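In order of appearance the chains are A, B, C, D, E, F, G and H, and numbering begins at 1 in each one.
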Amino acid sequence: MPLVGVVMGSKSDAGSMKLAQDILEQLGIEYEVSVISAHRTPDKAREYGKSARERGIEVIIAAAGMAAHLPGVLASWTTIPVIGVPIASGELKGVDALLSIVQMPSGIPVACMGIDGAKNAAYLAAAILSLKHDKVREGYERFRKELSKG
Amino acid sequence: MPLVGVVMGSKSDAGSMKLAQDILEQLGIEYEVSVISAHRTPDKAREYGKSARERGIEVIIAAAGMAAHLPGVLASWTTIPVIGVPIASGELKGVDALLSIVQMPSGIPVACMGIDGAKNAAYLAAAILSLKHDKVREGYERFRKELSKG
Amino acid sequence: MPLVGVVMGSKSDAGSMKLAQDILEQLGIEYEVSVISAHRTPDKAREYGKSARERGIEVIIAAAGMAAHLPGVLASWTTIPVIGVPIASGELKGVDALLSIVQMPSGIPVACMGIDGAKNAAYLAAAILSLKHDKVREGYERFRKELSKG
Amino acid sequence: MPLVGVVMGSKSDAGSMKLAQDILEQLGIEYEVSVISAHRTPDKAREYGKSARERGIEVIIAAAGMAAHLPGVLASWTTIPVIGVPIASGELKGVDALLSIVQMPSGIPVACMGIDGAKNAAYLAAAILSLKHDKVREGYERFRKELSKG
Amino acid sequence: MPLVGVVMGSKSDAGSMKLAQDILEQLGIEYEVSVISAHRTPDKAREYGKSARERGIEVIIAAAGMAAHLPGVLASWTTIPVIGVPIASGELKGVDALLSIVQMPSGIPVACMGIDGAKNAAYLAAAILSLKHDKVREGYERFRKELSKG
Amino acid sequence: MPLVGVVMGSKSDAGSMKLAQDILEQLGIEYEVSVISAHRTPDKAREYGKSARERGIEVIIAAAGMAAHLPGVLASWTTIPVIGVPIASGELKGVDALLSIVQMPSGIPVACMGIDGAKNAAYLAAAILSLKHDKVREGYERFRKELSKG
Amino acid sequence: MPLVGVVMGSKSDAGSMKLAQDILEQLGIEYEVSVISAHRTPDKAREYGKSARERGIEVIIAAAGMAAHLPGVLASWTTIPVIGVPIASGELKGVDALLSIVQMPSGIPVACMGIDGAKNAAYLAAAILSLKHDKVREGYERFRKELSKG
Amino acid sequence: MPLVGVVMGSKSDAGSMKLAQDILEQLGIEYEVSVISAHRTPDKAREYGKSARERGIEVIIAAAGMAAHLPGVLASWTTIPVIGVPIASGELKGVDALLSIVQMPSGIPVACMGIDGAKNAAYLAAAILSLKHDKVREGYERFRKELSKG
């Protein structure tokens, strides 16, 4: 049963999000992957958000480019933590996506990563899950210890 | 029966949108006003978008600040033209709202105005309605003729 | 008889605007294509704008790069809706064109699309024409229904 | 025993962070408040980060302005989730702080909020703690339900 | 008979342009002042540009804010040098006007000043007129000599 | 005897400035070309500026990239009109050069072109010289008439 | 005999630079203060730079706003270290000055501070002088030790 | 014994920093090179900073990309002058690194170079060392004299 829901706004984001999936796998965290557009398939986004918690999802990673509404729209439909990844696409190179994700209004938070920061989305998911899942914590702390050796 | 639906993301946008309402009134265009947050009240946004055409609304003017998802979210739920007004709020002074509105993905267009461009949203609504409603066209052309006198 | 006038500031924008034309064709909307520079051929721009409505044009799509004055200049000469498409050209990658199009002064609105947003210009034209032309509306709603299947 | 560590880079951020504290209190979440500068008091930052988990802290909210290194520096010393709040101070109005917080390198994630987004930092902390603490979840869901009434 | 035509897009620019007029007066350069909107009164702009040279105008100073098309539009109708002054108005504080003026396409140049750079527009007009009018040159060189005393 | 002094900050700007030289040649305007760095060879810049008028130069075109001080430095040493061309070099793609050239302090104007706007620098030089040199004016007006044919 | 030369481009920068002078005094570092405009008084700038080392100046702090050429121009005339302080003035709030100072071409370095970073200019001067002057080092280290107490 | 410590945040910065090393060698300045991440290896950064002066290092050159904390973090652990080099990496092309380095809070200065300004970091190090080391000064002045020949 997946703990993390990886959602991307378009199939063209798949390469970028593969980096997050690889890390989730290395850390032994179960996940599922979906392609949902906040604008083209709003009902699918709504159903995903509304059912996420009861399906056992504990963290959502949502990636989108341009006027990147996906993370905010998913967050509007659920209370579980949503991590947003601005994807660099088009001429504004992700600045549009960054501002569309990070500048959320009060009450509906999204945890924003850097532009194309799919890897850190997976690490933050691990850090969050570590509060509850000891095995995830052990894996994440082992990774960080390795990292600190330079 | 209102032809234009004026929607704002927060009550704090009311002063700004009053400018649009004044112009609609001067041009004799019926309108309704709603406060709907794309993030805090997503079901209300969905219902508004899905019912707009059958309620006789022909153009939606949607205003929001920061990560301004409202125009795009309404556009995701309806096929009638949506005009987006980026509101300057917070430290980014509407640049965030501008990019969140104007950089919509292919398939779900939003007609973006300038920052705090509520007046032009009303004029564009008039220009659009002019295609079908002769009286609106007459009023809008009279206004433009006056304007051209400098 | 064309309902949509597609106008570009330079022949170098043709590739970009072909995307709009393809969509207009898919939706069965008649259109004409012109190359007019607001600065190099201002009289041509004036004549185009002044004659557009009487020639049956109901929506203008105008695309330009850099200090992109074309959409605003056409809007100054006509009262039919003008949709502006900022083209990414030169080192500022369309940010200059975006601001030159979207920040129009009160009274002369332009419906601004995203940078290189030619496709959405065609979809917005369809949404606008849908208010009056049932066949266009049917085509546009069919497209949106398809899109919503993801 | 506090679950959330609220840390600010300077006493001048206190007014801003009070908004986060108020929300934590409304949601019944225990917290502690510290003033630590990543640059002026680096040893204090190190000790805070290294001891946080064993002292029972489960989420850190770190706020700073300008070249806002505090969230990243705390994240370098701990594996518990760090939420960063860019504070608008100085002439760049928080754009500098936003980029200094959100653009973290791979391996050391920080969950970035919008500029002056202290409130959402508290809500995100609640969403994260909800995974483990049922009472926090109940409080946060009650808040969101109220919010959705518009 | 005026040598310099000072044109502003809106009466609200008058305070700003007064600074240019004061300098022209100090340097003994004749000028005229007009309010012409490129968008609201395009025919007036056209007539101004087309008649400028024959009326004896040798340099045009054109000031406008937001999507500041006025300098470019005047330049499209005349071959005499046009100096553009981006006026800070609205939330983008003249960045929009700067890009709308400076990024002119090849063939139709505008000499762009800094944001709210009305004074330098007058000094540049003096430098240009100095090539032909000895008295202007003497005045401008006297001013520069004074300036160099610090 | 050259009327226009084309100056570039570095040999790497030569390709860009060749476009200006070609236009000056087409318009039959005599020019000279120099490579002078405002920072590396400040004495050369000073001598160039101080001697320009007496050597018969009537307009200077100065091009530079990054912290582009060359146009301003030349303007500090002369009273003849200086046209500045921001060159796109380095990662900021000419935005740094644009601001370093256009935001001149009061008293020492520089006529700023768009990024990489070497061509328009030549056209503006022609427009300026037209005030005094009938043959240049005839050439420039012929060019503009051709241009207006689209 | 002053070790530090504090230079500002305009008298209006005096308030800002007073902050640097206060710190130099607290650290017991001798300094002199001058007002020199790179553009209005270029000869004064040249003489200052060329004579600085022989007059015993070991570090220059140069502050300027807008197209802030002063630090770079002084650096072009001397080989002693130049610290540049971008002053926020005008609508671009120091972004123009920052880029005009920091983006120096290879060979002529300027040590750039943050916008309005006059205080840090004084501290950096102290850090540099510490390499040679033990008393300055003792003062600066005492200050830093105090600072680290939080 | 090295006088300059060249530190980079990641091995991927090595090509960029090689340019600084080449210049240090040409000027006969001893240096050492280290790879230290402020975030991944914070203890290594701390030890480097704390031991630098006693190991004879007189200037540190620190280069990093994105949320470039390395120069500031090193500066927090030492009182010797730190020169920061923002590296262009990722989609923001060094703007993020520039702001993360230059906007340091009062008390902990970093001498910021331009984006990818590794060469100037070496030249500034030479200018600083020149205050104390005559041989370095002779080399640096010889270089500048050569440079001034154009």
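The definition used in the following text is that a residue touches a chain if its C-beta (ideal position, glycine included) is under 8 Å from a C-beta of that chain, and two chains touch if they have at least 3 such contacts.
Just so it is clear, the structure is predicted and the values come from calculations on it, not from any experiment.
Shared contact partners of subunit A and subunit D, listed by label: B, H. Chains touching both subunit B and subunit G: D, E.
Just one of F-H, G-H or B-D has an interface built like that of A-D, with over half of its contact pairs in common by residue number: G-H. The greater number of contacting C-beta pairs, out of the two interfaces A-H and D-H, is seen for D-H. Here the CA centre of subunit A is 31 Å from the CA centre of subunit B. Computed from the mean C-alpha positions, the centre of subunit C lies at a distance of 45 Å from the centre of subunit D. Centroids of subunit C and subunit G (each the mean of its C-alpha atoms) stand 52 Å apart.
The set of subunit C residues that touch two or more partner chains comprises 37, 40, 42, 66-67, 90, 92, 95, 102-104, 107-108, 114-115, 147. Interface note: chains touch in the pairs A-B, A-C, A-D, A-H, B-C, B-D, B-E, C-E, C-F, D-G, D-H, E-F, E-G, F-G, F-H, G-H. Per the touch definition, subunit D reaches subunit G in the complex via residues 35-37, 40-44, 66-67, 90-92.
By the touch criterion given at the top, residues 58-59, 79-81, 83, 98, 102-104, 106-115, 117, 119-121, 123-124, 127-132, 137, 140-141, 143-144, 147 of subunit H touch subunit G in their complex. Looking at the complex, you find that subunit B touches subunit A at residues 9-10, 37-40, 42, 46, 65-67, 69, 72-73, 75-77, 90, 92, 95-96, 99-105, 107-108.
Across the complex, subunit A is touched by residues 88, 93-95, 114-116, 147-150 of subunit C.
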